[in-house]
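Both complexes shown next keep subunit A, but they swap its partner, so subunit B is in the first and subunit C is in the second.
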Partner chain A sequence: MRFHGRGGHGIKTASRIVGTAAFLAGYEVQDSPIYGAERRGAPVTAFTRIASSAILERGVITQPDLIICGDETLLESPASGVLNGVEQAAALFINTRNLEAIRAQGKLHVRMVALDITQRTSDRIGKASALSVGLGAAAARLSGLISCEQLGEGVRTELEELGLDAPMIEKNLLLAQEVYAELETVTVEPRKFSATAVIHKMGYDHVLLGTPSILAPGNAEARQTGAWRVERPEIDYDSCTRCGLCFVHCPDGAIALDEQGYPVIDYDHCKGCLICLEQCPRHSIRSKKEVRSW
Partner chain B sequence: MKVPREFYKGPKDIPHEEELSPGAPLCAGCGGLMTLRLMHKVLGENVVIVNAAGCMTLMATYPYSPIRSSWLYTTMGSVAAGAQGIRDALDIRRAKGKLSEQDEMKVLVLAGDGSTYDMGLSATSAAIHRRLDFWYLCYDNEAYGNTGFQMSSASPFASRTTTSPIGQQEPEGTFQEKKDMFELWRAQKPPYMATVSSHEVVDLAEKVKRSMAIKGPKLFLALAVCPTGWGFDPRMGDELAHLAVKTGIWPLKEAVDGVVRHTLIPSRFLPVEEYLRPQLRFRHLFEPAPHTEAMQAIQQKVDRYWEQVRKDEPAASPALNRGTSGT
Partner chain C sequence: MVRRMLTGNAAAAWGARLAQVEYVPAFPITPQTEIIESLATWFADGTLSGKFVTMDSEHSMVTAAGAAAATGVRTFTATSSQGLVYAMEALYTVSGWRVPFVLVNVSRGLSSPITLGPDHNDVLAARDAGFIQIHVETCQEVLDSVLMAFRIAEDVRVSLPTLVNLDGFFLSFTREPVEIPDAKLVQEFLPAFHPQHPVFSGSQSLAQGVAVLDGATYSYFRYQMHRALENALEVHEEVAEAFSRLFGRRYRALEEYGMADAEIVLVMAGSFATKGKAAVNRWREQGRKVGLLRLRMLRPQPAADIARSLIGRKAVGVIDQNISPGLGGILYQEVSGALASAGERVPVMRSFIGGLGGKDISQGEFDWVLEALDGAKPSDGPVPCQLLFTDAEYEQVRMALSIAGKSQGGTAS
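== the complex of A and B ==
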């Protein structure tokens, strides 16, 4: 199975929870994440292989049986590769409350299963971004290989490893049970894989190809880090005294001052850290749950 | 106690121009980015950043960069040598008349604690010895952040890192003491060096501005709050930086030719607990049972530090005498 989400969602942990639960259930297991040179908010993929005999395959999974997508906005981002191999997948699980809208687009020809994991996580844990347990539970249930108790063991093992305290782990266990109970197993047809070894001859390229130069200064502005946001800061201009503290303290320089000295948030780039909110002496900045970030 | 302000009366006076574009791929709430942004504002746009591999390297991941000035990437151990090369090249261009005075560039090393405290220590020492005219910003997130938060010699006693986990043998996690980088650098009496905090923006800006009148090595150590590695909600980042100062854990000071003065001393010190408690990397000091011994050791070290300051800088004493420590 292959997991997709954004850095900070707990995608790697989701794949580990399923892996550990399956391992405790007596299977051979392999799990691993892959991410680029980016941080919280950037697309992250993780893989879990589960088998009853030794797993000799390595590397990325291009033909998953199950795809677990933690963030529906990734469906529209080809670079994140959520849909790679979707044709042969038994199911695509999407963390969303908008399944009908996604279906209505008619682009995806695969069995789709959906549950609003974000809402359930937010209700149980008070944090909308820590999706690992909900996604892990969904994957465990869909796979049909892991019992609810084994899932619980996987959750406990992984969260203890992360150093979470006991009350937090209990909340997560309840969340896992809730998600597990709400979904049904999908049938995964066994597939035969065959591969032929091919020897690729490597040539030499000019050394400059390996030392790229960026010749457009400040072009990171073209990257919309606003899509990372889980919570959205909003300024109440009636109470703002133009003290400028939010502007000074924004790590990303995503707040500018207008001609009258009022702060203006650049939502294309604000990552939603909410430091501005905490720093505002007048409490003029509030946060709202972000629905669609850009 | 605050030393008198020379250039910036309040946060509003800090330059409004941004030298970095938004869109950097660093974590939301990254204290290292915040520190660089502020320092860059004061230094102005004509800067060549020489960066040692670390989290900040992500800023210039092809094909995007938030840097409007220039940037050179080096290995972790050789960043100060890289700065020497750039400075020499600029000087040669100046001498040949190919670089006008207004296009003159400042060379700024940007390095993590892994590079600064561990791998690059000797190259930096050599650059200080050669009196290289450069700025050095160490954003200290107290571990090897980019590769998954392994322990460095900047990791504080009793913090958990991925290579100093909590175990039966090592119930504190990191049992070593954090290296005193300030004193190591100071032994060479560089013309200017300072510690800074991303929360104390005016103190930071003043120090950078002061350093600009000085030729030779100008070294900055910044405590860089790191939500990802330290384990706290990013929104708390600035408050945590503030707590580091208010508990006395991160003293704000500068040294000119090796002579130290503290630039901001809290009128009352908070117990170190207040700083430690919100961070996952110190959770084991509180749960399942309080680790009183380790906590006391941390408090005592802080108390001893300020006791010494009281002796060394009597002028700052009134503020210190008013202070109460947490024990």
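== the complex of A and C ==
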């Protein structure tokens, strides 16, 4: 199974909760996260393999049986890779309240399962972004390999390792039970590997191509770091005094001033750090959770 | 004995903990840092007693490790990639002191360009430094090998630093079920280090790091180091046997997988061998006689065993997760050399380079390799090394190049 979310969502922990639960249930297990030199809010992927005999694979999962997507906004971003191998997956789980809207787009030809994990997490533990337990519980239930009790053991083991106190662990256990009870197991069929790879015969390319240098100036613009945003700053222009503090403090230069001196946020590159919101002396910047459906 | 989910990094730290290391000089580098973080925690909370010291660089760190080991203290340290090559001068220096300690390297591709993913050019750059080198495949093997490494390193027939190599990400950040051996049994396997020869101490006069300005004396000491490394093969066998008696897991310098009747053989090192084993199983299900030879001990090289294992096979493909530019795969040369020194040859020997910078080797690529080996003939003549890299991956790279402002023909676009 492959988990997707953003740095800070607990995606690695979700993969470990299922991993530990399956291990305690007597399976062979392998779990691992993958992330680059990035940070909070950037897409994160984690993997859990569960088998009844030795696991002879490693690294990324290109043909997942289950895809667990913790953030529906990632569905829009090809670079996040949520949909890689989706055609053969037994199910795609999405943390959303907008499943019908996503379905109506007609873009995805896979069994889709949805539950609003964010809302349930917020209700149970008061912190909407801590998705690890809800997503782990969803994966455990969908897999059909893990009982509710074993899931609870996985949750307890992992959260204790992270140093959470007993009352918080109890709340998370209730959340895990709730999510587990609301979902049903999906059937996973064994599948064949893909065909022999087409190996490239690499020749010598001109030194300009074959050297890791960058010619195009300012091409970081092509990397739309706005996709990392969990919270979206919005400016109330009625109360904005054009003091320019948000413009000065934005660490990414994602706020410009227009001809009248009003700040304008470049949402393609704003990472949602909300330093502008903290700096605004008039509290003219508010934050909204990013929810975008297809 | 407890069996629980551990990453390769946690397994390495547990190995050092169970060995009751007394001195750890440390410097952080991804993907190794978790090892020294775990050890720092255990020194701070009293689980381990001794000294944990943060250093200014890997160069100082390896020198400090050697100096501590020269006092007879059980010493552990860890690094990766640029850290290992930054310490290169010190690696050669401390092995020349003939001091035993354990260095874990978490493999990561070398700059340039900078990457975080694993390959073996870092650890193989250190292959001539006089360290024993053990390359592991699983998280369990990480822990077990650290324990074995101390016992081999401290044996008076060897007395050399030992390097245990695990792959970044594919082991370092990957959890697998790992048996943590019982501490009492570990003490039986690996008692406290009491060197039989003089070490630095208050009452003992001793000079280390001395100069010899004539070639004969220099040759003598360097060749003694070679002999000590050769001894490590026999010592490894004894240590592996003792380990197996206590813990039930038997390790060999070479691991043979499906080799009994294999006609086509893949030779690999490190954690990607797991993927090679899957390919062997799939081909065997179709009745094809395929096997895998995993090079676990790189130094000393078990040359005679390599030759014995490969003689009589129809085709051998070495998949190197490294590249020596201008030569090709390093292990291909080493395996060919082992066969040549045994006076034998295999009809078809082919060299493949795969998994550079952690690039996946897909099952489709393994199929391509096995088909290439199956169809190869001795009369094909010299065949250069083949990079495992797909047409689709080339297209991805070309797209990145165009974003970087480069176009076909080498002009700015």
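In this section, the second predicted complex is superposed on the first by the 239 of 294 C-alpha atoms of A that agree within 3 Å, B and C clash if a C-alpha of one lies under 4 Å from a C-alpha of the other, contacts with A are read in each partner's own complex, and residues count from 1 in each chain.
Heads up, the rule we're going with is that a residue touches a chain if its C-beta (ideal position, glycine included) is under 8 Å from a C-beta of that chain, and two chains touch if they have at least 3 such contacts.
Note that the coordinates shown come from a computational prediction; the quantities given were computed from them, not determined experimentally.
Of the two partner chains placed by superposition, only subunit C is touched by A:205; subunit B is not.
Of the two partner chains placed by superposition, subunit B and subunit C are both touched by A:214. In the superposition on chain A, no contact is made by A:281 with either subunit B or subunit C. In the superposed pair of complexes, A:31 makes contact with subunit C only, with no contact to subunit B. In the superposed pair of complexes, A:19 makes contact with subunit C only, with no contact to subunit B.
Once chain A of one complex is fitted onto chain A of the other, the partner contacts of A:40 are limited to subunit B, with no touch recorded for subunit C.
Of the two partner chains, subunit B and subunit C are each touched by A:222. By the touch criterion defined above, A:58 lies against subunit C but remains apart from subunit B after alignment on the C-alpha atoms of chain A.
Looking at subunit A, you'll find residues 36-37, 212, 214, 216-217, 219, 222 touch subunit B in one structure and subunit C in the other.
Only residues 8, 36-42, 163, 165-166, 212, 214, 216-225, 228, 243-245, 247-249, 251-254, 256-257, 266, 268-269, 271-275, 277-279 of subunit A touch subunit B when the two sit together in their complex. Across the complex, subunit C is touched by residues 16, 19-20, 23, 28-34, 36-37, 55-60, 62, 193-200, 202, 205-209, 212-217, 219, 222 of subunit A.
Per the touch definition, subunit C reaches subunit A in the complex via residues 4-5, 112-113, 116, 169-170, 173-177, 271-272, 274-275, 277-278, 281-282, 358, 360, 362-365, 367-368, 371, 386-394, 401, 403-406, 408-413. By the touch rule above, subunit B contacts subunit A in their complex via residues 11-12, 14, 16, 18, 20-31, 33-34, 37-38, 55, 57-71, 160, 166, 198-199, 201, 227-228, 231, 234-239, 280, 283-284, 287-288.
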